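Before we start, here is the structure in question, set down as structure tokens.
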Amino acid sequence: MPDEDKKTKQPRSHDPRSHDPRSHDPSSHDPRSQDPRSHDPRSHDPRSHDLGVLTHSDGAGGARMVDVGSKQHSTRYARAVATVRLSAKGVEVLAQKKAEKGNVLATAQLAGIMAAKRTSELIPLCHSLPLSQVALSLELDESKASVTIEARCRTFAQTGVEMEALTAVAVAGLTVYDMLKSVDRAMRITDIRLLEKSGGASGSWNLD
Amino acid sequence: MPDEDKKTKQPRSHDPRSHDPRSHDPSSHDPRSQDPRSHDPRSHDPRSHDLGVLTHSDGAGGARMVDVGSKQHSTRYARAVATVRLSAKGVEVLAQKKAEKGNVLATAQLAGIMAAKRTSELIPLCHSLPLSQVALSLELDESKASVTIEARCRTFAQTGVEMEALTAVAVAGLTVYDMLKSVDRAMRITDIRLLEKSGGASGSWNLD
Amino acid sequence: MPDEDKKTKQPRSHDPRSHDPRSHDPSSHDPRSQDPRSHDPRSHDPRSHDLGVLTHSDGAGGARMVDVGSKQHSTRYARAVATVRLSAKGVEVLAQKKAEKGNVLATAQLAGIMAAKRTSELIPLCHSLPLSQVALSLELDESKASVTIEARCRTFAQTGVEMEALTAVAVAGLTVYDMLKSVDRAMRITDIRLLEKSGGASGSWNLD
Amino acid sequence: MPDEDKKTKQPRSHDPRSHDPRSHDPSSHDPRSQDPRSHDPRSHDPRSHDLGVLTHSDGAGGARMVDVGSKQHSTRYARAVATVRLSAKGVEVLAQKKAEKGNVLATAQLAGIMAAKRTSELIPLCHSLPLSQVALSLELDESKASVTIEARCRTFAQTGVEMEALTAVAVAGLTVYDMLKSVDRAMRITDIRLLEKSGGASGSWNLD
Amino acid sequence: MPDEDKKTKQPRSHDPRSHDPRSHDPSSHDPRSQDPRSHDPRSHDPRSHDLGVLTHSDGAGGARMVDVGSKQHSTRYARAVATVRLSAKGVEVLAQKKAEKGNVLATAQLAGIMAAKRTSELIPLCHSLPLSQVALSLELDESKASVTIEARCRTFAQTGVEMEALTAVAVAGLTVYDMLKSVDRAMRITDIRLLEKSGGASGSWNLD
Amino acid sequence: MPDEDKKTKQPRSHDPRSHDPRSHDPSSHDPRSQDPRSHDPRSHDPRSHDLGVLTHSDGAGGARMVDVGSKQHSTRYARAVATVRLSAKGVEVLAQKKAEKGNVLATAQLAGIMAAKRTSELIPLCHSLPLSQVALSLELDESKASVTIEARCRTFAQTGVEMEALTAVAVAGLTVYDMLKSVDRAMRITDIRLLEKSGGASGSWNLD
């Protein structure tokens, strides 16, 4: 993407600091950025579609919370999953003790829901947004010796909820580990991934 | 205070719900548990060695934060790892753009360290403890198209730091996802697991 | 994505646990729920008017954060109160020491305001929302040996602020206890209740 | 209430400290307070036994976190209770729907445990301490149309855990309200009080 | 809306409590305040333009979170700066060790961004709002032996982001101190100030 | 322990990674570091006295929370100050309105105390520790048109409380700004600095 490179190199070629590869200045020097109705050119939507550039990076080794002020509010949805692989012992305990199974899954379910609400505190460059729904399901699959965790998050906001859904399943998985670790230290939390997202300029996406 | 003891013992001994698998009473029925020098029998170390019972469960479908008051303070250590699997595109960006790679890995490293300190807020039944060390390493392995994350935590406390190490690598992995998701939505965070722990009554443990 | 739907519907239709009251799957089985424009049928407004069902429950023993995405944004208001009952000693200290009374009530007032902003972190299934106002009043009533606490909260959101108002008075009451406990351990925080709410589909409500 | 107005207007106008520019200075001017081995004279144990003075007050209208540095580490225990009064409708739902009852009580139990760990964030002058145990029990008493909540907390620290136990039952009660409010808005959380404490210089105490 | 203004101005001029120096009651007892469409007269915009009155004060020694419910949603922008003054030793370390300089500035940059998101938890009467952008720049100026920190925040909300920008630079400055304190304890964080703000009824403002 | 010291000094001098500017691995690969009784050589006290190296840096561009596990528990004390410079207008409001002055200073005092308790959440590489005392004083100096803020913190821990004292005065200063900004936007928070510290291996230090 030579054009984009030139675009960003020129203003910076007049920036004395632009020769310091460790400059931590993510800000635009475009005077319009003083104007609340304009936005930092470096954080415009086009950037997020230029696959060669990371939206959370200022292109100079610095981090920033990308400006979503120019994005439309819309309903955003994301679904993520994770799998906790258990030992035979862990499966046995959950399969035979209904009360303890209920306790383990209910505790992990709440931990995931509560973590989703705090995603922006955990992920440094995540925007905080008001979740309109967080739903978590946990299922023990004895044949696969695993617990499958699925989270579905929704919001009406200017940015997506992928990180909220991924954080929910990750923390729910960590909680399953915590609840079972006295009988099984070798559990693995695995395959944390986004299954689908929709809403926003980038539209819908599904993992194939 | 015998009166008070009688007062509380009587209803209990007739409490049918004490056999109800849905009772949410994790409390000891041992009158000595009114005495701060004794502890809830259900949470004694032996419990954690009775592999058929989960220490975070009261055996009746309820959750509790296990009493570690009877455990010795000792140096506790844990090491955990996670792997983030990238697409070719994600690898390409990190491999070719040194500044962005540095930014992604440094941001994830800090996110993991900060998350370790907040583990007890995220994992419902985790004890809070003063971490004496949190060290995270992140390495890109181009040949395997993955980023490997390792966390090592230490404390001097009455309980272990497995959850802190696991939370650190999980949140660091989520942050790598957040930093790269504009170029790669299909990343997977996988194989979050404990490699070793030491310290405490249960001694050392290694994943073989 | 018919394939994906079949993939997920089949195991479900054979899943005995889908009839298990301990199943922790709050998700809709309606394939449309994969569609962000639809919502989990279990969380539609009608649910919240079906008094036989708890909106925070999936009807199968699991918890969820109800989907408010289909609700209208409107101004929501709630007013809650609590009373702290003091001993004669506690009243005497507050009545005679003006500076300490000011300190106790001002500290509790701020604690309540700050707690209202964190309600969604404390109450597992509460939505986070931007409070447009939090006002707390605290008054010592010497004749009744009590401190009365009233909170009024407002927002413009898709869900109400009852929990914010109740959390504010509860934490303010706990703070009064903390400030006075060196002279009075037998205080009771009592009659925490909602006095009125307005806004939203369910309209206005007053405690009679 | 004109009486109350008169009552409260007078003392203020005579409060000398209201003209004291240092009225918010909780610090000792004793030069020894520069010495880490000494402590603010205003915060010594004797203070907490001088029933006429609030340990969290500097005696001049200011607040402070009392210095517990001179107190002994010891096992501290506290037990607190709260009662949630339900309408007939609320009782009916919990009594007839076992799955929902389990969900409501389990969610409130976890909320209370998690809140206990965050007490020092909520109560402005509370010290943070490492809880060695938090146990919550919740019981539905249909005959009394109420849910009784009891929390027992333990630590090994320089200060007590009364506030942790009280915070746990208060937040568990708020969570019961949140879970049931769609069927019962008139619930009251009442009689939040300390039943007993032990450990520390002030020794054991029981509510009679 | 002149009508609404008249409505709310009248009760204020007759409000006896506005002269009560002791009341901790920031609330209006005007029955119309039960109506979500009206607002606490004491918290109307006119107040914030009456320079003799603090909007966060109820005029009677009490604090409150001002009601912004009647303000327009608009794009709000703020820019703040801070300077960390270093010793010769601190400058030398940063100037000579590129890797450590990068680490110090990158860590402080992230700390500032994350702190901006938590401003409403730190500043008691601050409203929480969804930041659409947080950008921090940090620059070492060897000639002045200082690090200059600038933050720019944006939101679309009913209230401004001055406190978010000021909190970001303050916490970034504290982090620079923390990172360098092993070589320089005499650093000073200084000149934390707002450079400009725009958006909202009070319009744009620049520091001259 | 001279042996241990020798043991740890050797591998460092041969560590190839210490020359890799891209390594984000703060950990020693010395197999003995798997042993909880040893510690990461890079984090030993000697490091913190080697003025050429930052203890929070791994010497290779990465951050880490330094291992304090080998330090002695001792009473640690720190005192920090900050100054808020006001305009004539701001001074006038505080000087003439006693109730508002009390409200502003009391709110800032509590905000500073509460922030001190959360320092380790704000400063990425700060250890969390149990504060035994936090005392803040705020004084209006009309002649200098400023508010002076002083914080004194104490703990019994393995690391110092400088950051807690500095965070307390910084957040108190930000709160003064927030409370007065409706009458004075040009305030500056300045001269945030450590006045003294004591306790720990590095002993006492005073700003001269």
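Should a chain be cited, it is by its letter among A, B, C, D, E and F, assigned in written order, with residues numbered from 1 in that chain.
Everything below uses one rule, namely that a residue touches a chain if its C-beta (ideal position, glycine included) is under 8 Å from a C-beta of that chain, and two chains touch if they have at least 3 such contacts.
Computed from a predicted structure; not experimentally measured.
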Practice prompt. Can you give the shortest number of steps from chain A to chain C, where adjacent chains in the path must touch?
Written response: 1
Worksheet entry | Reference chain B; chain at largest CA-centroid distance | E
Practice prompt. Can you check how far apart chain B and chain D are, centre to centre, with Cα atoms defining each centre and the answer in Å?
Written response: 27
Practice prompt. Report the inter-chain centroid distance for chain B and chain E in whole angstrom, where each centroid is the mean of the CA atoms.
Written response: 35
Worksheet item: How big is the gap, in whole Å, between where the Cα atoms of chain A centre and where those of chain B centre?
Response: 21
Discussion item. Which positions in chain D are in touch with at least two other chains?
Written reply: 11-12, 23, 61-63, 98, 102-103, 106-107, 110, 114, 118, 121, 124-125, 130
Worksheet entry | Complex interface listing, chain D residues touching chain C | 4, 11-12, 15, 17, 23, 48, 51-57, 59-63, 89, 93, 98-100, 102-104, 106-107, 110-111, 114-115, 118, 121-126, 162-163, 166-167, 170-171, 173-175, 177-183, 185-194, 197, 205, 207
Worksheet, complete the sentence: The answer for chain A against chain D in the complex is residues 102-103, 106-107, 110, 114
Practice prompt. Would you pull the chain E residues touching chain C in the complex into a rising list?
Written response: 22-27, 33-37, 39-40, 43, 58, 61-69, 120-121, 124-125, 127-130, 157-158
Discussion item. Help me check something: in the complex, which residues belonging to chain B touch chain F?
Written reply: 75-77, 79, 98, 101-102, 105-106, 109-110, 113-114, 117-118, 130-139, 150, 152, 154-156, 196, 198-199
